[in-house]
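These notes concern the structure reproduced below.
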Amino acid sequence: MTDAPESASPDELMTVNAARALAGARTCFVGIGLPSAAANLARRTIRPDLVLIYESGAVGAKPARLPLSIGDGELAETADAVVSVPEMFNYWLQAGRIDVGFLGAAQIDRYANINTTTVGRGPDRPASRLPGAGGAPEIAAGCGEVLIVLRHSTRNFVDRLHFVTSVGHGTGRGDRERLGLRGRGPVAVITDLGVLRPDPETAEFVLTELHPGVTAEQARAATGWPLRTAAHVGTTAPPTAAELTALRALTNA
Amino acid sequence: MIRRGAKARAGDVADIRPLPEAVADLVRDGDTVAMEGFTHLIPFAAAHEVIRQGVTDLTLARMTPDVIYDQLIGAGLVKKLIFSWGGNPGVGSLHRFRDAVENGWPRPLELDEHSHAGMANRYVAGASGLPFAVLRGYRGTDLACGSGTISTVTCPFTGEELAAVAALNPDVTVIHAQQADRDGNVLMWGLTGVQKEAVLAAGRVLVTVEEIVDELVPRPGGVVLPGWAVTAVAEVPGGAHPSYAAGYSVRDNDYYQAWDPISRDRERFTAWLRRNVLDREGAATR
Amino acid sequence: MIRRGAKARAGDVADIRPLPEAVADLVRDGDTVAMEGFTHLIPFAAAHEVIRQGVTDLTLARMTPDVIYDQLIGAGLVKKLIFSWGGNPGVGSLHRFRDAVENGWPRPLELDEHSHAGMANRYVAGASGLPFAVLRGYRGTDLACGSGTISTVTCPFTGEELAAVAALNPDVTVIHAQQADRDGNVLMWGLTGVQKEAVLAAGRVLVTVEEIVDELVPRPGGVVLPGWAVTAVAEVPGGAHPSYAAGYSVRDNDYYQAWDPISRDRERFTAWLRRNVLDREGAATR
Amino acid sequence: MTDAPESASPDELMTVNAARALAGARTCFVGIGLPSAAANLARRTIRPDLVLIYESGAVGAKPARLPLSIGDGELAETADAVVSVPEMFNYWLQAGRIDVGFLGAAQIDRYANINTTTVGRGPDRPASRLPGAGGAPEIAAGCGEVLIVLRHSTRNFVDRLHFVTSVGHGTGRGDRERLGLRGRGPVAVITDLGVLRPDPETAEFVLTELHPGVTAEQARAATGWPLRTAAHVGTTAPPTAAELTALRALTNA
């Protein structure tokens, strides 16, 4: 197997690394968009047995192409089981049965709290309305652990959220336990520049890996809080040809 | 006039009737209306009939308000939205929804905002005849702040504090399904989302179907709603378009993509609404 | 040794193994055990294996303890019963159950007694990861008196007082189903009662099946339990006898009738148990 | 259609009249035993469209023969819908969707409260253990109205229940409202001697009809409380040949 062609885009680096983060997962609750692309890529590469769970009711979906929405017919047709939406949230998610919740976000802060509700645009303009919570608050609360994938920019990585839609690590280590949230919370934020992981002591997300060719300075410049770096910042392995081929087949299908 | 709610009495079966008549009878100014469907089986034709009839001052409930609610909101018929995720799936924002929230056009839109888990459990409580439901939810989020339909309860056995959400009992629930028989028994399959709960929580129930059949044949994943739990059935082939009905149609993804530029502009939207909904009746009448 | 509960982790799939080995591994002295099935799909073979292995000091949970629990109680393995209706369906009393309650033979039997609605909701709470469930129940009855698992909660929205029941989370749930595939995914159909909830509420799950098949074919009314939510599967054709498995067998009503005189008499019961369960292994091993 | 043969047994009179009580019902939540026989007879005679609902999960069951248990396979096979047991109790029963709950009983008192739990046998003997509540408490609480069918004797019709398993009218008119029970409660007790109905003022059950050939004195002698009689005590119409034929076909099938 050869290394990837040089043309791997930042988005592709993000998705490939997001897929790799599922190497240890048996079951994944999949948000639509980037998380769904990453989880489907994982099924085609590193984790063929990964059980994909979509909030629309599909348990063990095996779509041949990337679904446009979480309610695509193929999800139901290829699922091991189709359940009602209340059953999905109560019996499967809330009970703590799912290993990994995979979320996107409009904004996150340094503790990987998520805002998908509303964003301020300055004093003269009304706040910008986003889609809202969807399944994210309880995915973030109840899955064994949480992965977040989003593009890196100061618009997305902000010092202070306008609205907390879903709790990551709250105001720091120990906050999840105080709130009675049962899962371990976010363990990685995978971006088009690199990977952030929580500091073991404080739960503040720090830069732990950069994609090939990206500098820590670039990551800091794209982050709305003073981004700290881990003692050793690694470099993510370049996408393999197999990964890129699978990803492109998936997104172009 | 049909006047029937969850507590059906002897002799009631679902009436099979034309959509305009069923909408005129069941959906009224000021109602709380749930039109459910999780991407699949969204009752677009019934919503368009509501727009044509100008039923207004509606409180709309729906887990995933998408293009169908964008159209109702843009038409100025909606005063309040009860929801958990409002977007154009796979495309982006709902611009009519945003314009109403951000700018009050064509009228201000009050919001009662939840998570999916909260909304699903609100319907469950409504369908169960309970005033509230319990869940692990909302802790630490800003969603609970100021909502009159999110609170807490304490477990009488463990002392643990949990979230409580108020039951949601729409005046009328509208869904689309694949088939009904001549007694008004309804069969749907595929992703059936929260539709059973939304139906059983409602005072009145309108179901549009792809097809009226002589006999409903049991099938994998099939969900049956007995005719005595449904108020009226209307046969509307393609009534879920641009959403889809598994076994009958596929999702018209191009429509959802095309909606984005149409809905970004108030004038373009208004012209679209006139041409494609207000001045058009054929699709919905049989 | 398999040690797996509801929180399955990477790499886990249900093991397919012989019944004696699965029972030895999953069902332990002092456990709370649910063997569910509403007339249909009752896991008799697994219960007989529990009797043969002498697993004891059990707390048994079940909505409808019938002949299967009469046998376990008569065998002296049960210290407590959590239930809502204990009879021989269509025949009459459970005489071993009565003898234990009325006379403490062969040992006293503690009771935690509910209505069906209460028991069903206890499993629902257990399956949902909640410490309790809310229902309209028990009001005015003597059932609530003195039970540690029935209480009340007040609706934070309406002020109404409702019944609360404590979650039921068995250490192990045992059910019988029609089929499993080689990955341990389970398919059952027909009346599937409260089995999904009992399975999802449990720390460990043992499923006996009529047949291991190469592929589970979706079918009307089919309920699938993914292999990763099941600890072990054992192939035991006829494992529900004298209950039945729709599509494989019919209910042996004669057996239920014959049980009445056998179970009325302690000596006759003891002889029956020795001859038909303790000294017999063939049916349960493969 | 001719009158019934003289051989109609007291049990047959009971079941035929119990079936007739369903004339106005659209949906019936059916207990096993006598209620199931009556409800199935109603489907064959006076109310062919009656929707039979069994707590095992069958909605709209149409069994060809009388089921021995509430979990017989034929109930599922002939049902309009099969639902889980929790759904049955929460969505269908508790929500107040069912017109008539049809119950049997081990014992009732004058307010049609029901005991199916435990019965005293005197000071020297342990109380006799009965099967328990089953679905009855919530059927009695939540159905639009309740019918009760049981054989008439001083063992069954008692002055005071040893245990209240299911509430009829509590301690009299108004008690159901005080308890927050939503259905109207028991409206008739049909026995092998006649029919009792609640006094409109007090909700105490009084004798309103006797089967042909039965005297009020016989009914009083079979009742463990001082049974009052309505101002006018009617006589039930004798079973028709069609009713008896249908009943015998059902029970002998």
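Brief remarks on what is shown
Going by the order they are written in, the chains are A, B, C and D; count residues from 1 in each one.
Here is the rule we use: a residue touches a chain if its C-beta (ideal position, glycine included) is under 8 Å from a C-beta of that chain, and two chains touch if they have at least 3 such contacts.
Composition by chain, UniProt nomenclature: A, D = CoA-transferase subunit beta.
Everything numeric here is computed off the predicted structure, so don't read it as measured data.
Among the remaining chains, those touching chain A (CoA-transferase subunit beta) as well as chain C are B.
Chain pairs A-B and B-D differ in how many C-beta pairs they share in contact, with the greater number at A-B.
For this pair, chain B with chain D (CoA-transferase subunit beta), the centres built from the Cα atoms lie 40 Å apart. Separating the centre of chain C from that of chain D (CoA-transferase subunit beta), both taken as means of CA atoms, is a distance of 29 Å.
Each of the following residues of chain C touches two or more other chains: 124, 129-130, 135-136, 160, 196-197, 221.
In chain D (CoA-transferase subunit beta), the residues touching two or more other chains are 90, 94, 142, 182. Those residues of chain B that touch chain C in the shared complex are 129-136, 149, 151-158, 160, 162, 164, 166, 218-222.
Within the complex formed with chain D (CoA-transferase subunit beta), the residues of chain C that make contact are 38-40, 63-64, 83-87, 89-90, 93-94, 97-98, 101-103, 113-117, 120-121, 123-124, 135-143, 160-161, 190-194, 196-197, 221, 244, 246, 250-251, 253, 256. Only residues 32-33, 55-58, 68-73, 75-77, 82, 84-86, 88-90, 93-94, 117, 126-138, 141-142, 163-167, 170, 175, 179-182 of chain D (CoA-transferase subunit beta) touch chain C when the two sit together in their complex. Interface of chain B with chain D (CoA-transferase subunit beta) (complex): residues 6-12, 124, 127-130, 185, 196-197, 200, 223-226, 228-229.
Those residues of chain A (CoA-transferase subunit beta) that touch chain C in the complex are listed here as 24-27, 51, 59-60, 80-81, 90-91, 94-97, 99, 142, 144, 182.
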